[in-house]
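Labels run A, B, C and D following the written order; every chain starts at residue 1.
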């Protein structure tokens, strides 16, 4: 019966992971500043698998400028830099399919487990790779 | 049923008043508009208007190469995010004559069935919410997390799994991950009885769903209904059974109807719950079979991406791809021409497209209070286009683009704050 | 159902009126491969309604969707049916194709035979500008009511792309 | 004379603010515990206060089609009626402030006023959702008012034989003379039935699931309250919070008026404090049992199902209770 489950849950631990904090803080920016300064802690997110398809990492030295990644990227994330024969990625548009990683013939691209990418500026340093 | 009486637009008499539901309404998870003509609390007419989220995906797809189309297809729907790629890859493979390695077929089926589990649980939760039974919603979605976590472990993401690709799959299920899958299957097997108890033996759920939103056997066939919506009416239609594909061809799969629960099919919302819960059990068995009998071997018959692109560019022909998605049959038709990277024709048919018409007999004669649960009963997935919106403020309806909407919103904010 | 059976029945009923027919056999299954069939037939527009009626009378079909293929002078419409559902390996896809010239751009409705075809026919009306004779409801379904362009017509590409480009302008960047 | 008037006014102000405060605290508990039962964390206990403050500073939107003055008047009417109720209900073991000027029948009417106000407001809003909600509220009122009235009147009627010479329709008299000990076994069964009826009426009176049909969020998008915003909505919210305390207090006054102070023999200020604390606990228990557990354990019913439920089994139970009480008087 469902009532039994309800009473068990009343005294149990909620299923929600309280990431980043349990309750809305009075000021989000103040909290973030505190966390940045190491004065406050936030609850960690649930751990992700090691092969998560997160933000793409780019090894500039390995890249040979073949542009296959540009041909397969469904979201047109990747820009070719013709002078250097390298690429630049705008993560704000990325759909995290990691098809470019599979397509790269020299292994210059790889997935990371980084997924907390929210930003107010879509061209911020964190969101432009390469 | 009288064929002439079926139209998306049925109007009642003069004593009726009309109540619009949608495109924005708490009962709807996606934008669609119903206009109900009511006589008191009873529905005597209904007009359905979809298309508020039409994104022109097929139009876009016919203008980019097939690998890009694959990820576009994945984003047709967030819940069936493997069903559309599965149908598309099959259509293209049939058109181009590409073989799929056995192991890849099994992996596709495993992910497809995991999706069915999480989709049906999602639906059950939404259904409970529509009934005002939020507790059941939270309980169901809590257990749904397990399948999402498993999908994240196996594919690298919770939605948009990016697993199938033309000629195979992109990721293997190694043995060290297979045990996670077994663990999740045991978890669900232990929960099934509790779920059936909570949904099918709960008095208040039964009161709200029995004999509500009935779709008769004949209507289901005449209106071309698919998936659990049709099966709840007793129509034994399931692509996995009727025209097997991938690893499903190696298994004895039977279309689930309420008869498997020991009741006569009525085609009401309660039968929809029965079918979907029993299909969760069926999916558990299929996944287990696949994990145990998965052959060894390669994952893609054309593993190099440039070679794959070249092969697809060379291909000529047309193909049909069908997959039994959680909500019913997904159908993709593709025509390829040699020397053209893009598909020349790409037609997508999502299950809700067929079930749209099934809503009409389900709604007619029911009460306002039943609207949410009937709307939810076909598990609608309103996957369609545009970022324009129609606004009617006294004058002519005009199309507002995003810039204009942003401007209007800012104006209003200023007005309130100032 | 064996596709020969359907085809034989159609040959008997329509004879010369079937312009073209084709059966594709595919092997499925990794352990013991078995065959499934895709059947394609081509008929004239005048025969279309009769062909669907014949199918409905004898084979209990399910209409998946109607797809359209703009070939320039004319548009090919494929009525994708499936028949024989209900038993394992019982089903075959059955596609009826008909070519419709653009200067006389109309087809008869099949909603009198299969009411469920209405969604698909209305979609063809708005996306191709087709006229469907006898359809009970021909309003736009997916597109806004005041939208006049037909996105899947390749000869109207210019107007469509103008409309599309107007709406997908990325904020702050013109692409 | 002036001194009593001043003190009465002071007491009135305290009761008003105390009642509203209590209502919001219990609302906080309601949300938190419901969340816990559903496996969620839920909002902090002080969330209702945040909500009311936020609503108070929000824009008060009046729809184009609304009857403006009626639409704006109704939240005030609802809040005033709910607040007035506080003066007639014994709170914390104290006699009601206006106990001498009104009785159970007045309470019965006052309880209906917030619902009526919401109904009129719903019709005045001119939105189809609100109209449907108002129609449903009307049917609901007709459904649950009868068993509620039967319950209250039966108890008072039985009490008129047991405590002769007293105004038995006054709640403080009823609270001072609980019936449990005064009636025989038949009467006890009758009282249990009446209590059951009142228990089921409580969530309906407060429009909580499974009886939140007039608001039915997923069906008619908040129904009666669909168009209300800002200050008006805050007033309805407060009225609802106060009503929750009132209903719980009513149940306590009729069925569980016992205090701890007399049992432990503690007098004076400490005794009153103990009784107040005990009263708060009793209110919490009633709300937990009749509102929170019920609202997380059931699906929303349909209006015809609710009508059938209240007219047949609940009214039947109340009438049977009345009959048993009558029999008890004869035997």
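Here is the rule we use: a contact is a pair of C-beta atoms (placed from the backbone, for glycine too) under 8 Å apart; a residue touches a chain by one contact, two chains touch by 3 or more.
Here the structure is a predicted model, which is why all the values come from computation and not from measurement.
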Chain pair showing more contacts of the two, A-D and B-D: B-D
Chain whose Cα centroid lies at the greatest distance from that of subunit D: C
Core chain by centroid distance, with centroids computed from Cα atoms only: B
Approximate Å spacing (C-alpha centroids) for the pair subunit A, subunit D: 50
Separation of mean Cα positions, subunit D and subunit C [Å, integer]: 62
Separation of mean Cα positions, subunit C and subunit A [Å, integer]: 42
For subunit A, residues that touch 2 or more chains besides their own: 2, 6, 15
Multi-partner residues of subunit C (at least 2 other chains): none
Sequence positions of subunit D contacting 2 or more other chains: 37-40, 296-297
Contact set on subunit B toward subunit A in their complex: 64-65, 67-72, 74-75, 135-136, 138-139, 142, 145, 152-153, 155-157, 160, 162, 170, 197-198, 202, 305-306, 309
In the complex with subunit B, residue positions of subunit C that touch it: 24, 26, 28-34, 36, 38, 60, 62-65, 67-69, 78, 80, 82, 84-93, 95, 111-112, 114-120, 122, 136-137, 139-146, 151-152, 160, 164, 166-169, 171
In the complex, subunit A residues that touch subunit B: 1-2, 5-6, 15, 48-49, 51-53, 68, 71-75, 95-99, 102-103, 105, 111
Subunit B residues touching subunit D - in the complex, by the definition given at the top: 17-20, 25-27, 41, 128-136, 138-139, 142, 202, 204-205, 207-208, 367-372, 416
Subunit C-facing residues of subunit B, complex: 1, 3-4, 6-9, 49-51, 54, 56, 58-59, 94, 102, 105-106, 221-226, 236-237, 239, 241-247, 249-250, 252-255, 295, 320, 322, 329, 331, 333, 335, 344-345, 347, 349, 353-354, 356-357, 384-388, 390, 397, 399, 401-403, 406
